[in-house]
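Per-chain residue numbering starts at 1, and chain names A, B, C, D and E are given in the order in which the chains are listed.
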Amino acid sequence: MVMVSMALLIWCAGWWLNGRLANSSASNTSAVKLLVPAIFGVTLLIVWELLVRGLEVSLVILPAPSVIAARFATSLPVLWQDFQQTILKGALSGYIIGCGAALLMAIAVDRSDFLRRGLLPVGNFVAALPIVGTAPILVMWFGFDWQSKAAVVVVMVFFPVLVNTVAGLRETSAMQRDLMQTYAASYWQSFFKLRLPAALPFIFNGLKISTTLALVGAIVAEFFGSPTVGMGFRISTSVGQLALDMVWAEILVAALAGSAFYGMMALIEKTLTFWHPSQRG
Amino acid sequence: ADEVKLQLKWVTQAQFAGYYVALDQGFYEAEDLDVTILPGGPDIAPTQVIAGGGADVTVEWMPAALAAREKGLPLVNIAQPYKSSGMMLTCWKDTGIAAPEDLANRTLGVWFFGNEFPFMSWMSQLGISTEGKGEKGVEVLKQGFNVDPLLQRQADCISTMTYNEYWQVIDAGVAPDELITFKYEDQGVATLEDGLYVLEENLNDPAFVDKMQRFVRASMKGWKWAEENPDDAAEIVLDNDASGAQTEEHQKRMMSEVAKLTAGSNGALSEADYQRTVKTLLDGGSSPVITKEPEGAWTHVITDAALN
Amino acid sequence: MNMETTTQALNSQAAASDITPQAPVIEARNLDLTFQTNDGPVHALKDVSLEINKGDFVSFIGPSGCGKTTFLRCIAALEQPTGGALMVNGMTPDEARRQRAYGYVFQAAGLYPWRSIAKNIKLPLEIMGYSKAEQAARVEQVLELVELAGFGGKYPWQLSGGMQQRASIARALAFDADILLMDEPFGALDEIVRDHLNEQLLKLWARTDKTIGFVTHSIPEAVYLSTKIVVMSPRPGRIHDVIDSPLPKERPLDIRDSAEFIEIAHRVRDGLRAGHADD
Amino acid sequence: MKTALAVLSVLAAIAVIWYAACVPMNIKGVLDAAERSGAEVVPATARERRDMGPIGLVAANSFAIGDVWSQDRPRLPAPHQVAVELWETTVEKKLTSKRSLIYHGQVTLSATLLGFVIGTGLGILLAVGIVHSRVMDMSVMPWAIVSQTIPIIALAPMIIVVLYSIGVQGILPKAVISAYLSFFPVVVGMVKGLRSPDQMQLDLLKTYNASLGQGFWKLRLPASMPYLFASLKIGIAASLVGAIVGELPTGAVAGLGARLLAGSYYGQTVQIWSALFAAAILAAALVALLGVIERLVLKRMGVQA
Amino acid sequence: MNMETTTQALNSQAAASDITPQAPVIEARNLDLTFQTNDGPVHALKDVSLEINKGDFVSFIGPSGCGKTTFLRCIAALEQPTGGALMVNGMTPDEARRQRAYGYVFQAAGLYPWRSIAKNIKLPLEIMGYSKAEQAARVEQVLELVELAGFGGKYPWQLSGGMQQRASIARALAFDADILLMDEPFGALDEIVRDHLNEQLLKLWARTDKTIGFVTHSIPEAVYLSTKIVVMSPRPGRIHDVIDSPLPKERPLDIRDSAEFIEIAHRVRDGLRAGHADD
């Protein structure tokens, strides 16, 4: 009970501190911008730890953060292997192929009104296919190794990027397009000088959503067949062995990798679309 | 009536016919029990469910149960309806595999999720590494839920149950003589399957013990009924399958195969079988499932009372 | 009375084209344009006939909503008339557009936010394939012209409304189009800059023999700049009066105090007022 | 009309490619079956065939091509096989039958809708908080992103167990997973939408000294409508996936997820594909429904079509 | 010379406030505003001091980019000065804003696209809690005033640029604010409408005793409307000259031909020219 009430207390304290920081004059410095979510996260972890201990939650239901951290530290070689297999081979290659194909397709779709009308509804339909159904099929087609995981990722990221890019390429204002008309600009001129830059905020929207999709897709696909390495493999076998600390250590890796991946895309976005109102602050 | 929640290890099928029969035939009711059967599936760890309080008793394989016990979840075997193991490795004959030694340098499909332990100790007994292909090594795939890896020849061998996956291979049009099977039972690495497990602390509660005695009694009655009336039992299972995925033919055949495995058991755990299982697991090679002899992992308290 | 003025205007045009024998650069005959909106059609242009000769400086003036923008857009092939005929340089507006006959200044600045001011001005030069050196030279020159020297590196959102408008004028002046169409280009500028730009525009026009279509709300500006003033009236947009200016091509700023100037201004104002009365 | 034509021709093109793809995909299985039934196959054994490319096999055994579209357990079922299965399991089965896809669809749908309501509600609330409070913005937003990098399938069984242990059962655990997947797109979209008014629009209200509530109801909310609907459409599709995922660890008793799993378990490819399509059709129908609502709402608001 | 004019202006203000003993409605002392941009700071306002009394009609005129909009935004508490003091009605601008002291017309129309014209005008009335009947009556009345009667049901994108601007003026006039701030409200309008609206605005002002801050680029407009004309010069934005108009409150349109009028106009033009020369 003491720990539970302490958890509550710490939660409130964290919010109070963040409130002070966020509304202080320094709230626009990058230090505070990092500090505030960090404090939030630390508060969350402490509350988690205290609740798990205070309520005596079984290790096989939910391990405490300290236990997870210990497991993480002692399993680095295994985690690194799994990371290579799932993220570097499966997710990344799938992400690059999927996004690249989607961008090319978007241009084709954008050039032809017929394709746009025909392909987008069908595309939306295909995008709605749940991964739990497609993954076993793709494992059957592409084998147990990372290729099938990459294929799952391709399927998952293709349509978000396609839809966003197509929407982005149509995002220019009438006047901006009219201007190009008066110059009698060719398709590719107006593509590179007008439509692509104007579409970038949308494209990055799709690319950012896709980072987390790629990760989750690669991991989940391993549930449906894999070699004996990989984050999804480890998670599912560890659950079977009730090694929940290992499960959470892998989830931690996924969260770290996912945030880094997302952050990287956000950074590239910021440098390329500095001019957009949402980036001007 | 007393409520009992039973967590199964897998989806509704004749593998669990005894429980469905007991429910359907009113055996539980006669013992003043209100039993809810919770089907399992590929994503469910029955041990976790019982730890979380989602079930009173669960059907589990002994390796997983003992592993959980070592992880700090004190599961106790209270009854053992399955006498022998139905697990085996099924291979294409045309790959040239004739004996266990030939498995080296092959690709094998194995079930993980806590079901990999018997395989691992078998391989370590054969002196075959599971780290990758080689003179003394095999490539292990984490097999999904179906027999596709064999049919698509992505693997030379896959894990099958005598009562289930093997027949799916046959149903796919493969003739039995195209295949060669290695039963774990024959290889001397069989471990106990489908036992009933409860949390140790609950056994201190006389009311719970009494409830379990009635439960086990009714369940065994169900199993014996099912062994005698395999076709009717299969029908009962089909009636209880909410997913509508099972076929009558498959379930009837499964029931007759399952009957062979349950036939030797009256429900009480044989201590010899237990010892053999523990020994197999302790020999499990580089990363053993259990590191030391478990204690108090089973009790005859329930069956002694139930079966008299 | 409206009908009469229109025919009268047409006659005076006919007279003008007798003097200059070459074919008109822009020729509209009975142009109609109706927008289909969900609450019924909007007649933006009705029965508009007009001839513009090479080297003309034509101002369009009229109440807001009378169709000035719409008419300019038709000439530039940005809008498709729903009736009548329109020829530019003896071809359809669209063909003329393809030959890069137009420079267009829109009513709002419409700069691309991802390009700095200098790069915005470079845009048409890049598209039309000017050499790098030429591009840089021209950008310098037009930035100077619109008094934005030193602002080339800024981005559009860092400039005030009037500065943005000037940048968009510079963009249209940077390349050599035969026909310059300008939709209220000087609306957001103060009188001094405006006077300066008026002078610059006249100089440019005199030097290059461009044909200019110019929308404005300022009567003095229209009179000062134009060889031809088109007064329009609204709903549906029609030409109310066409005034051929007798002012010489050479126009110092103080020509605005001359009697002729004032007289034309009066005629324009009367036309405008009549247009409002139509309403 | 134009759209229908375009969609139809794209569908036709896909069907043609699909049928063609069946040949290389299924030829090995067909030849294995043919060999077993005693036909002359080149090369003669499955072992030899394994190492051959599909093109070579087709060329050497052109007699077998007809069968690639009518296999029992094909690697890639032909479109008509899926269509027939869909027809049989929807129209020709009683609605209460456990083999009826409509029955399973309805089970999934109820969890989807409940999860969608919870998820969108939560998402909108979070977005409102984020837009109005700097603390929320700075601390919650990064963690909302992190939350989506967690593979939900890995967590789903545990979520179910935990909810189970506190006595929550039935449809709610599934709905929770489905809400987890749908709240994120709604948060992101709504934050964007609620922030979409430009400076001038905001300044205008400032000069009126409008309250926070007035600013929300009269400016931010109407301005966010297009974004809201865009994210609702993504959200409902995510909800459906969540409900399907949530069905796996609840014992795969009923629902499209259970159907997918059972099909996958027994290698019934045709059944998997038809369940997959049923899920996609359901998603498309839900998205279309939202589209209709969107059009009605935007029309009432007078926003340009 | 700039310094001189400024002090001179301040003196003349001091003199003016001697006559009207009440405290000024708006009082700026050494106001500074610097924008931080990624390529260095932009000094938008520097050392601006000004007093505006109750019932004044103050026009701001100056080259584009000199800080007129910025100054108006400071008064309305939309921008935070980085130096100096600014008081409105004896309080901070933000307090005055909270008391709903302002009606503001932005340089661009800024209508909400999801509201019809009438509902756009109703917006402030709803927010300030006017009764339904009062709302309807006022909307009718101001639509009439800006010559948009009959357009209440249209949506913004169905109107031309000038019509949108008039709707936004109507929106600011619909409710009773003590202080009306208007940023180039009549920029996109033709002279006839502009004259009409000028007259209407003067009437309204005479009737209600509002204090008005008005940005314009038209010298005649500034002189015709104002009791005080503030001429600004750019980079950094400073007050170059403050001219107190000797024209009577009652101003028929033809006052624009009077000698006094022309003299003031000259002084403004000179100020503007000097501002440009500073540059």
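Operating definition for what follows: a contact is a pair of C-beta atoms (placed from the backbone, for glycine too) under 8 Å apart; a residue touches a chain by one contact, two chains touch by 3 or more.
Note that the coordinates shown come from a computational prediction; the quantities given were computed from them, not determined experimentally.
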| item | value |
| --- | --- |
| Connectivity without chain D (remaining chains kept where they are) | one piece |
| Chains touching both chain B and chain D, listed by label | A |
| Two chains sharing the most C-beta contacts | A-D |
| Distance-to-centre winner among chains (Cα means, whole assembly as reference) | A |
| Maximum centroid distance from chain E, chain identifier (CA atoms) | B |
| Between chain C and its twin chain E, rotation from the CA superposition, multiple of 5 degrees | 180 |
| Chain whose average C-alpha position is farthest from chain C's own | B |
| Distance between chain centroids, defined by C-alpha means - chain B, chain E (Å) | 85 |
| Inter-chain centre distance, chain A versus chain D - centres from mean C-alpha coordinates, in Å | 18 |
| Where chain D and chain E are represented by their mean Cα positions, the distance between them in whole Å | 56 |
| Rounded Å distance, chain A centre to chain C centre (Cα mean) | 51 |
| Residue list for chain A, restricted to those that touch at least two other chains | 61, 136, 140, 223-224, 236, 239 |
| Overlap residues in chain E, where contacts from two or more other chains coincide | 108 |
| Sequence positions of chain D contacting 2 or more other chains | 75, 153, 157-158, 161-162, 165, 198, 248, 261, 264 |
| Inter-chain touch pairs (all) | A-B, A-C, A-D, B-D, C-E, D-E |
| Footprint of chain A on chain C - complex, ascending | 73, 76-78, 97-100, 102-104, 106, 108, 110, 112-115, 123-124, 126-128, 155, 157 |
| Residues of chain E defined as touching chain C within the complex | 37, 39, 42, 61-65, 69, 107-108, 153-154, 158-163, 165-166, 184, 187-194, 217-219, 269, 272-273, 275-276, 279 |
| Chain D residues touching chain A - in the complex, by the definition given at the top | 2-3, 6-11, 14, 25, 75-76, 133-135, 137-143, 145-146, 148-155, 157-158, 161-162, 165, 185, 188, 192, 195, 198, 237, 240-241, 244-245, 248, 256-257, 260-261, 264, 269, 272-273, 275-276, 279-281, 283-284, 287 |
| Chain C partner contacts - residues on chain A that touch it in the complex | 173, 175-176, 178-185, 189, 193-194, 197-198, 200, 273, 275-276, 280 |
| Chain D-facing residues of chain B, complex | 8, 11-12, 38-45, 48-49, 51-54, 92, 94-95, 144-148, 151-153, 168, 172-175, 241-246, 250 |
